[in-house]
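Sending over a structure as structure tokens; questions will come in a sec.
As written, the chain order gives the labels A, B, C and D, with residue 1 at the start of each chain.
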Amino acid sequence: VFDVGIVGASGFGGTELLRLLARHPSARVVVRAAASQAERRVGELAPNIPAELGDARFEAVDLDALARTDLVFLGTPDEVSLELAPGLLAAGVRVVDLSGAFRLPADEFDRWYRRPHMAPGLALDGATPAVYGLTEFNREAIVTARLIANPGCYPTATLLGLLPLQELIVPEGIVVSGLSGTSGAGRSTREDLQAAIVHGDVVAYGAPLHRHTAEIERQLAGGAEGRPIAISFTPHLLPMSRGLLATISAQLLPGVGQAEVDAALVAAYSHEPFVHVLPAGTFPRTKAVHGSNACQVSAVVDPRTQRVLITSAIDNLGKGAAGQALQNANLMLGLEETAGLDAIGVYP
Amino acid sequence: VFDVGIVGASGFGGTELLRLLARHPSARVVVRAAASQAERRVGELAPNIPAELGDARFEAVDLDALARTDLVFLGTPDEVSLELAPGLLAAGVRVVDLSGAFRLPADEFDRWYRRPHMAPGLALDGATPAVYGLTEFNREAIVTARLIANPGCYPTATLLGLLPLQELIVPEGIVVSGLSGTSGAGRSTREDLQAAIVHGDVVAYGAPLHRHTAEIERQLAGGAEGRPIAISFTPHLLPMSRGLLATISAQLLPGVGQAEVDAALVAAYSHEPFVHVLPAGTFPRTKAVHGSNACQVSAVVDPRTQRVLITSAIDNLGKGAAGQALQNANLMLGLEETAGLDAIGVYP
Amino acid sequence: VFDVGIVGASGFGGTELLRLLARHPSARVVVRAAASQAERRVGELAPNIPAELGDARFEAVDLDALARTDLVFLGTPDEVSLELAPGLLAAGVRVVDLSGAFRLPADEFDRWYRRPHMAPGLALDGATPAVYGLTEFNREAIVTARLIANPGCYPTATLLGLLPLQELIVPEGIVVSGLSGTSGAGRSTREDLQAAIVHGDVVAYGAPLHRHTAEIERQLAGGAEGRPIAISFTPHLLPMSRGLLATISAQLLPGVGQAEVDAALVAAYSHEPFVHVLPAGTFPRTKAVHGSNACQVSAVVDPRTQRVLITSAIDNLGKGAAGQALQNANLMLGLEETAGLDAIGVYP
Amino acid sequence: VFDVGIVGASGFGGTELLRLLARHPSARVVVRAAASQAERRVGELAPNIPAELGDARFEAVDLDALARTDLVFLGTPDEVSLELAPGLLAAGVRVVDLSGAFRLPADEFDRWYRRPHMAPGLALDGATPAVYGLTEFNREAIVTARLIANPGCYPTATLLGLLPLQELIVPEGIVVSGLSGTSGAGRSTREDLQAAIVHGDVVAYGAPLHRHTAEIERQLAGGAEGRPIAISFTPHLLPMSRGLLATISAQLLPGVGQAEVDAALVAAYSHEPFVHVLPAGTFPRTKAVHGSNACQVSAVVDPRTQRVLITSAIDNLGKGAAGQALQNANLMLGLEETAGLDAIGVYP
């Protein structure tokens, strides 16, 4: 049994990791660090966690304790991850970072996050770079990685939809609409995330410069005829807790039709345990993957416009955060990739 | 005081008209026809309507009674509107039709609705065509119209966002994401509209051949360099009752920037009572217009991609259906355009 | 036209008053004070308020400006109301206080609010006591009042259900379940009011010592055989923004049946513009009164247990706060009681 | 590995059983019967079920196929259960019935269901009576039972709260408020269960003669001083999909206080895997048990009124239906009681 630690254990990503790891066959949580919530009972912030675990208390961040674990999940803000990761790696601990700290080359980070990257050697183009943890497309590197940049929620859904079709589409004019439940914003007391305000409402935000835009573009670059990619990405806040749908529209190359699109998706995912391709005309729904690590993808070609419509649904705390983090950790620890992740979505 | 009738009075559009007309200064409802719900108390289906009106009963459709009114609202399915409108017009009654029956040229109707149009003379390209009732862009024709094709909910939000910018954008590659509460589907017992299924879920549907696509394209044709328009439109069902947001992405012509976009929106709407332009970076939210006839529009330019992101929020039963229908009826009857429509959105 | 001021104008009660007063025929808001939000645009916190009013800014609290108005609404915390009310009254300004500051006798306030009442002369048993503003039961005193203790949301719904039946029930064993949308908790960034936490969840809170318990008991005392009343009240937080339902169970006196209960409700409310009695077996629903000042009440007798079940629905920001405050203000200013309050609930 | 069948497999209880059994270590579903939905793909109605199982089709009811299984779950309407159960039992198959068919003595069934019981020998007071499947209070009988009357959702939550306190309370004046998500009404196209109507609304229904009243009273009879019990039960429809909270108020016997109440709950549940007692003042929340078989219970004494307030939260499709059915089936088949039921609630 491996010992793992979580920093930022009281956040939504952190408590989801606690939930998943409570049923993991070969890993156990030995450190639950949460700077601002230290000393509070786990069950106070995560009332779903049964008493034996719920009675534990969040701890202050203690690097020595973390250094004794096999792997640490960082569910921390970018700046905290940048601060903690180098030391943990130096201590020989594997790290899965759920923040945006290591998802971009350093210079792009500087531009999109509007501050200098404090650990450029670990950035995507650094000397000992983090591995981008979109498991299905990076499995080999993940197995031997020491530091995983766990993908953002919107990039996960978008890339799982777009990457298999990359050779079939024109790299310009890709439009992505992201629809997310509010847990994606983290445990936050921001005034616009109050229940009374969010309920019965929908609103776009953050466009056109949301940071996930750069993360998506980075992963698409190189495909799509080798030309630079610029997507138009608009995230929206939806009146629900969990669930994320990416609705993607892209121009197909001349001559590409439904058959080629279907074939590309099947080729990419027919052996994947977590990505389920639905037939064209059946649309993924977020509640079908609620509480699970699954992703549903579907693509339909519009011959009128020669464009493809791709929709991709995940649980933003599952495959979009803690679920994928655990999937990557399983690989890093030499475990079955699906260990602790076999839950089926809770529907309806 | 004008006498008006409603057919389909028990549908969501119909009961919203009953709510609005109950407070109208110079119109009163004298016929509440509802084929399948005839004899049921109004208050049973519309428990918000106070007793004096709520105790009335829905009636069977009686053409003679309707012929004695000044104006009839048809909140009926397309095929019923096609059947009723000619007779009402022949009897000298003005008609505002909330269905899709008269929103397209007859040949396009045939193609998108997959059956022949039964009253082609009243279609948009007919001998005595209906007037498309997007009030802000067709006011003059509405004043003298006898038959209004009241716009669909998605087209209303989309066109109010796109029409002012028509001369500034490339006609290809326009992508529209429509996000709607489920009341937009009408009073329906479809299995996928049950509360237990809709709650906490989001799903796309109907794309790429949703009928509102044709309606939007028809109204955009002629603008945008005179070239034919083909949009990519994806509607989504959201876990809320009312509210509709259109998120629109379009390529700007070279050299067009935020200043030109802002100027175009201000020019279009600065004197409009119901369309409110929000500054770039402030995003419309559907709950701000909940229960009202207002529309909020905002546009932000992305210099990285030279695209514009437009978001437009309405209440699908307000400006997207009954509200706009009443706005048009006011004009047809020579009344103040805003009569009975001064409610402010109920927020939060 | 009367000039009114609002202190606490940025709270949910405050912005609802702004919404209602924007359409009031004979009152206008001349002061919008909001201590912590001063200088922010009204439209930023109340995006439903159209631009002409939305562009105004909240102001710091300025007693001189308030002293020049005819009436001030206090949408402030108890302690601020206790501080402001005496000065405003001394300046000759009428005051409608939406807080709990003046709803109890001073000694009960001390006990339930756990601190000494700072203006006991204005408490319910003081020398110049506030008038409890449950309009339907206190109209005469309200007309000449200088200070109104506007009822709490749960007490409003509960008392409108119970008061007419007071002579028919046993004063012991009254059980009240209160179900409220989260706007009742005010504009708050409390961690348990985040959308991600509230969505899809229901939880009781505050029982058995919620302060509204004392407020309800105080108004019932004297009725019900003159014996002291002690109710069991449990409030619940529901996953919705607005709406409050009180479900009340009380033992009927021997021999009392449905006929007596019906007669009592009809006698109380048949001429009331805002309270609507539904027949036994038809249950009030909160959405029927969404955004309005209405209350729906219904009572059904259970002969098996000789108990009566009363349910009572209001909009907690309407009849439960701002609506009733305006109803009271109308009476104090000699205006039509219903002025500015004729909106019908937005349903569905 | 045991073979089990499900009749009514397309209902919400049925698809939840499919979800649970898909991960069960020693049982597999070999019959998925669904009269009205026969021939439809499982995944069409249960899009969460992954393809290998989702591609199966619901079957017509085939008694021979069912007779070859070890155990059948009946997720059918009462009348269908009454028709199917005798034959299955005769064929030697164990039956867990999720309907109300066998939860009452025959004469009470006749009275509350308003039709004669068609299999009185299997009713609670019959010759070979069903065993009431409230697992925690009936474990011994369940192990050897051939027919389980699986408890209703409201009775499960209410009885888990009340039964341990039965000796401490007065049997009169017990008031229960039930708050349920709409999945409790089953897969239904009733007009009042449409999403547009349910969203943002709360309403009571069915009181005072909801059938679960009799089921609760029956299980309480005999306790509480041996006197007959009559409870006042009011169910409510909440704007959420899953989750059920029972809020219970009862008069305590003189001298009983918080200590006695706490002791009784701890004695009842300290060794139970699925029932979690929260300390007085911490209130159960339905989302903490979302998707799980857990129940959270808490009780707080009000010395002012000498009453106890008990709240009890379950997932109505988990412990309130399919979860408890599987818990009972595990016992009947000699398996670990918790097999396939170790999921932790999905929160937030």
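What we mean here is this: a residue touches a chain if its C-beta (ideal position, glycine included) is under 8 Å from a C-beta of that chain, and two chains touch if they have at least 3 such contacts.
Remember, it's a predicted structure, so these values are computed and weren't measured experimentally.
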When the contact pairs of A-C are compared by residue number, which of B-D, B-C or A-D has over half in common? B-D
In whole angstrom, what separates the CA-based centres of chain A and chain D? 36
In angstrom, rounded to a whole number, how far apart do the mean CA points of chain B and chain D lie? 45
Counting in whole Å, what is the centre-to-centre distance of chain C and chain D, each centre being its mean C-alpha position? 38
Residues of chain A engaged with two or more neighbouring chains: 12, 181, 183, 196-197, 199-200, 239-242, 285, 287, 290, 348
Chain adjacency by touch: line, ring, star, complete or other shape? complete
Interface residues, chain A side, partner chain D - complex: 12, 15, 19, 22-23, 46-51, 183, 199-200, 241-242, 276, 285, 287-292, 294, 296, 342-348
Along chain A, where are the residues that touch chain B in the complex? 173, 175, 177, 179, 181, 196-197, 199-205, 207-209, 230-232, 234, 236, 238-243, 245, 247, 249, 251, 283-287, 290, 300, 302, 304-305, 307, 309, 311, 313, 348
Where on chain C is chain A touching in the complex? 12, 181-183, 185, 187-191, 193-200, 239-242
